[in-house]
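The structure's right below; bear with me while I get my questions together.
Here the chain labels run A, B, C and D in written order, and each chain numbers its own residues starting at 1.
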C-alpha cells in the first residue's frame, strides 16, 4: 500500500484523482493540498468527497508519490523542491510535457523554471511510453486533447498510412475548462450551445506535434486543431482527418481498422471499436475508444476517439502512470467500462 | 466468488447491475438474458459493456443468484420457477414489494400470480430490513422513489415527530423511465423541460405507505406524492413536507438533524448531511444523502434526500441486498462517493 | 411609437427586455445602460443583440419609459431621480414590490430609501392588477417565483377552496440566478443536478404572502416555499399543495378546473390547461400555463404553473405592464406560444 | 394576407413553421395536415400550439401556398397533384433539391417520381438564389447541414481562395433527427454524449457539392462531411477546413474576413461576425452567423457557421422563401436575433 498526496485537490482534476484513489486497492490518499481551501475539510469543498475524511493542508505531507493538479507554472514551482528530494511525481499540468523549453515559453508565455528537468521527464501516454514511465520519477500527464488526438492518429501515422496534412476537430465537455469563475463556464452560457475557441492556436497543439513527430521519421505533421465546447460536463470526442499517403490510396476501411486493432492489441484501456464511438461510453472510466475508417470518395482517413477528459484525459491516466511507476497492476483503481446511461 | 445471472440485461437497470458487478470482488456475472437481444453479444447492445464479454441468452444459466430487471408481471412470471427451485433471487421489479395481493392488483392492474410468495419476500431497503434480507431468498428491490422518500421520512415518522399529513415532491432524471421508445423520453421533449406526471396516483405510492406504516403504530400516513421529470439522466431528489406533531412544535432544525444523525449512525451509504444535498453528489454511487430542517415560520418539517435512481434506487441496492444474502461485505462492489462533476 | 430605455442591460433580464423590444410594433429601444459595459457596443456584451445597434451608456437618455433590470437596492437608488421627474418606470427588481418598508428591510437587509413610494407603486401582476397598472407611473415587476405561485394559487385561494396551509415547491432553470460569477452557476456544478436552496426562507416568499392576503379576508396564508435549481436555462414549474377547506372537501378535480377556467377566462397569457403543463411549452413566450387537480385520497388540491422566468416571470411581464401603462395592446411584442422543441 | 397550409405539421419542422406563422404579419396559417394526427386538435399534439386553434385534417384545404414538412419521397408524392394544379409550394424535404434524378436515386434509394420537376424547382438558399426563388412556384428548402456548410464556404470557394479539398465537420442538436421513436434519440442516450454518424456518407453531402459546383468553374469540390450529434435540442455549428489555393497562400485572416463581409453585405440574416459564433446566439431566430479565419501555421482557411436547424436550417428559411415568392418583405415573421440565454 503506497501513500499518495494530491497537490491542489480543489480543482476538478484533483478531485477526480481523489475519487479514483478512494477505491484503489494498493494506494491510499493521505494528504491533499489546496490553494484556497487550506484548513477546511475536503467535504466542505466537495461534499461528495466527505467520506474520504481528509483535511486540506498547505503543504503535502510525507507520502510515497505526489500527483499535482496545479495549473502550469504553479505546478513546476511547487514540484521542484519535491523533485530535488527525489520524490516520485506525476504532474498533470503542462509543465513537463514539452521537450523544448523554448517551445514551452512560446506557448505558455513564461520561461521554464528548470529546463534540464524536461530531459528526464517522461510523457505519460501509457500506450506510447510504458517502459519509460515505469522507469521514471517524473511523469508528465498528457493533456486531454493530445491524449485523444494522439491515440486516434498514432497507428496510421506511424505506419505511414497518411500524409502530414492533418485536421483535428475536437468536441469537449465543459469540465475541461476547470472550476474557475469564467463567464463562458456559466450554465446559462454553455447550455444548448456549441462554442469553437482557440482558433489562433490552442496550447495543446505542440504536444500533439511533438508526440507524432517521435513516431515517424519524416517531415513533421502539419496539424490544424480546433477545439469546440459542447454542452456536457465530461467527455472528449476527437475527429481526425488526413489524406491517405501516396501509394496507400487504395487502403480500405477494413484494412485501416485491422491496422488499428493490431496496434492496440493487448491494451486494456484503448479499445478499437467497430462502429463510431460515443463519449458517454467512457463516462467515468479510463477507457479510450478508437475508430478508424476511410472516406473512399475522397481518399481520406477519418480516425475518431472518445474518452473522459478527467479520467483517461487526466487523473485516470495519471494513476495509470503511477501504477506503472510503482510496479502495481496497471489497471488498479481504474474502471474499463463507463457509466451508461 | 459467487456467480450471478441478470434477467433482462437490456434495460437500463439490468445494464447498471452488469456495470456494478464488473468490479465486484466476490461476485462474477456469468449469465445475462434479454428479451429482444438473445443471441447478440452484450457489447452489441451496450458497447460500454463489451469488455464484460458475455452473450445474451434466452434462459439464465446455472448461477448462485439471480437479479431480475424485468418489468413487473413479466418478472414474477420469469422468477416463479426459479423460486420453486430454491434459487436466491433479487427482484428489482415491483412484483414482490407489496404485502397485499389486492393492493398489488389495484395498482398494477393484474392479479398477482403467487400471492403466497408475498408473505416470504422481504422489502430490500437495507437500512430498514437488514437482518430479514440476510435471512431471505426472495428480496424485492424497492422502487427508486420509495427509497428516496422512505429514507427521508423514516426517522421523523418513527419518532412521532410529524403528523400523517405528508407531501412528497420528487424530481427524477429521465433514465427512471427506462429505455422504452416513448415520445416523452425523446431528447427533444425532455431537454430544457420540467414535467409533472402521474398526478392521479403513481404506482410507487403504496410502497411508501406500506413501509412507513410498518414503522409506527398509529393511523397510516396520508401521502400526496407528485413526481416530476427534470432534464438529467440520473438522480432523484425528493423533498418531503409534514407538520410537526402536536407537542413537538418547538422542535428545532438542529434537534431534527441530530435525530436523523442518530438514526443513520453507522450506515455507510445513507449519510445525513448538514446542508441540502444535490443529486450530482451521488452520481454513479450507492449513496443516499439525507437532510432535514424545520420551517419555523409554519411549524413544518422539511426532509430531503438525493440518490442515483439506478444505483441506490435500483441495481446498487439490489447488489447491497445480494451481499447481505450471501454474507459478503455489504459494500462490496459499491462506491460510496459519486462522480463529480 | 414610444421610446424605451433599459437600465442595466448587461444582466440576463435586461438583455431579455432588449430582445423583446426588438420586435415590438409600438415601442423602440433607444437607450441602454450597464454598470460594467458602458462605452461598449451592445453586440460586444451580447453578440446576439448586435443588430440592435446600440452603445451601452452610463445614464439612460431621453426616453418615454424606463425598464430597470438592476438588482434590488441599486435599482431604487437609480430610479428615485427618474421617479421624481415623473418618468414612467417599470422596475423589475424587488424594490417596490412589498408594501411594507419594514418587511422589505427584514428580507433584504437594507432600509428602503423611499418608503412613501411603496404606497403608490403597483404590483405588476397583470392578471391581478390590470387597472391599477394602467393608471400607474411606478410598476413593480413581480418576482419569477411569485408570478408562478400566485397565478397557480389565486383562483382557489380567492374562492376559499383551500386552507391557509400551503406548500409551494418550485423548480427553476439556472438563468434565474443571473449572470453573476458564482460557483453554483458553473456548468459543471449545475448540469445533471437538482439543488434545493434557501431552505431558511427565500426572499420571494413575502411577495406571495402579500398578494394572496390581498385576495381574501381571512387569516393570512401560512406558506412553506422551497425552490430547487434544475439543469435547464429557462423555466419555472411550481407545484402547490393545500388541503381543501372545511366544507369543500368534496370538490372534484373537474370542479376545480372549471373554477380556474372561469377565473382566467379572457386572459391571453394565462392559459388553464387540461393536463399538467411543462416548462418547455412556454420557452421564450409570455405564457403562464396553469393546471389544477384534486388528490382525492387525501383531500388536497394540487395546482401547477409553468412559465419562462425571463419572460412572464420578468421582462415579458414588464413589457406587458408597459403596454398597459401606455394604452398599447397588452400583447404587443409578446408571443403567446413557446419555442418547442 | 395570404393563407398558408402546412403538410405534416406533426413533425418538428412542421410545428416550427406553425410557430413562425403565428406572428407573421402578412400570412395566416389556415390548414394543417398530419399523417397520424388527423382529427385531433393541434393543441392535443403540441400543447404549445393550442392557441393556433386549428384541427389537423387529412388533406390540405384551399390555401394560397403550401409548406411541406413531410419526409422525402412522401413529400413528392403528396405535392405532385398540388404542383399540377399550379399551387405555389415550399418543400422542406429533400425531394426537389438535387438537380440530378440519378443522384437522387443513388442517395435516397428511390426513383424520383417526377424527374422533369427537378428542372424547374429552385434551391431555396435565399442568399444564393434570391431572384430565382421570387420567380418560382416550386422551391426546395435546403437541408440544415447544407445551409450551414454552403453559407460558410461560398465566399471563399467562389473567389477561388481555397482548393477543392474540403473538410466539413458539423455538430448538430438532436431535433435534427426529428420526432421519430429511435433509440438514439432517447434522452438517456443523447444526453452527455457526442455521437459521430453517417461516416459512410450523409445524404446532405450531394447538396453541398451541387451548390458549390454551381459557384465556380473548376473541378468540383472533394468534400468529406462528418456530422456529430451533441446534447442540445437545436442548433448546428459547422466547421469547414480547406487549404488556401496556390497563389493565395499569403491571404491573411483579416483579408478573408473582409472578403466575407463584402460577400454578405446587405444580408439581414447572414451576419459575418468578428469572433467565432456560437449556436445559442441563433436560437429560435433565422440568423446564420459566419466567421472565417486562416490558420497561418498550415495555410488553411477555417470557416465556421452557426444557425438554428429548425429555423434558418428549415422552416424559417422556408418562410423566407415564401415571402420572396409572394413579394412580401423578406424578413416578415422572422427574428434576426436569438433567444439568449
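What we mean here is this: a residue touches a chain if its C-beta (ideal position, glycine included) is under 8 Å from a C-beta of that chain, and two chains touch if they have at least 3 such contacts.
Quick caveat: nothing in here was measured; it's all calculated off a predicted structure.
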Touching subunit A and also subunit C, the following chains: B, D
Selected pair, greater C-beta contact count between A-B and A-D: A-D
Approximate Å spacing (C-alpha centroids) for the pair subunit A, subunit B: 36
Residue numbers of subunit C (touch at least two other chains): 12, 175, 179, 188-189, 191-192, 231-234, 277-278, 280, 283, 341
Contacting residues of subunit C [partner subunit A, same complex]: 12, 174-175, 179, 181-183, 185-192, 231-233
Contact footprint of subunit B on subunit A as seen in their complex: 12, 15, 19, 22-23, 46-52, 175, 179, 191-192, 233-234, 271, 273, 275, 277-278, 280-285, 287, 289, 335-341
Residue ranges of subunit A in contact with subunit D within the complex: 165, 167, 169, 171, 173, 188-189, 191-197, 199-201, 222-224, 226, 228, 230-235, 237, 239, 241, 243, 276, 278-280, 283, 293, 295, 297-298, 300, 302, 304, 306, 341
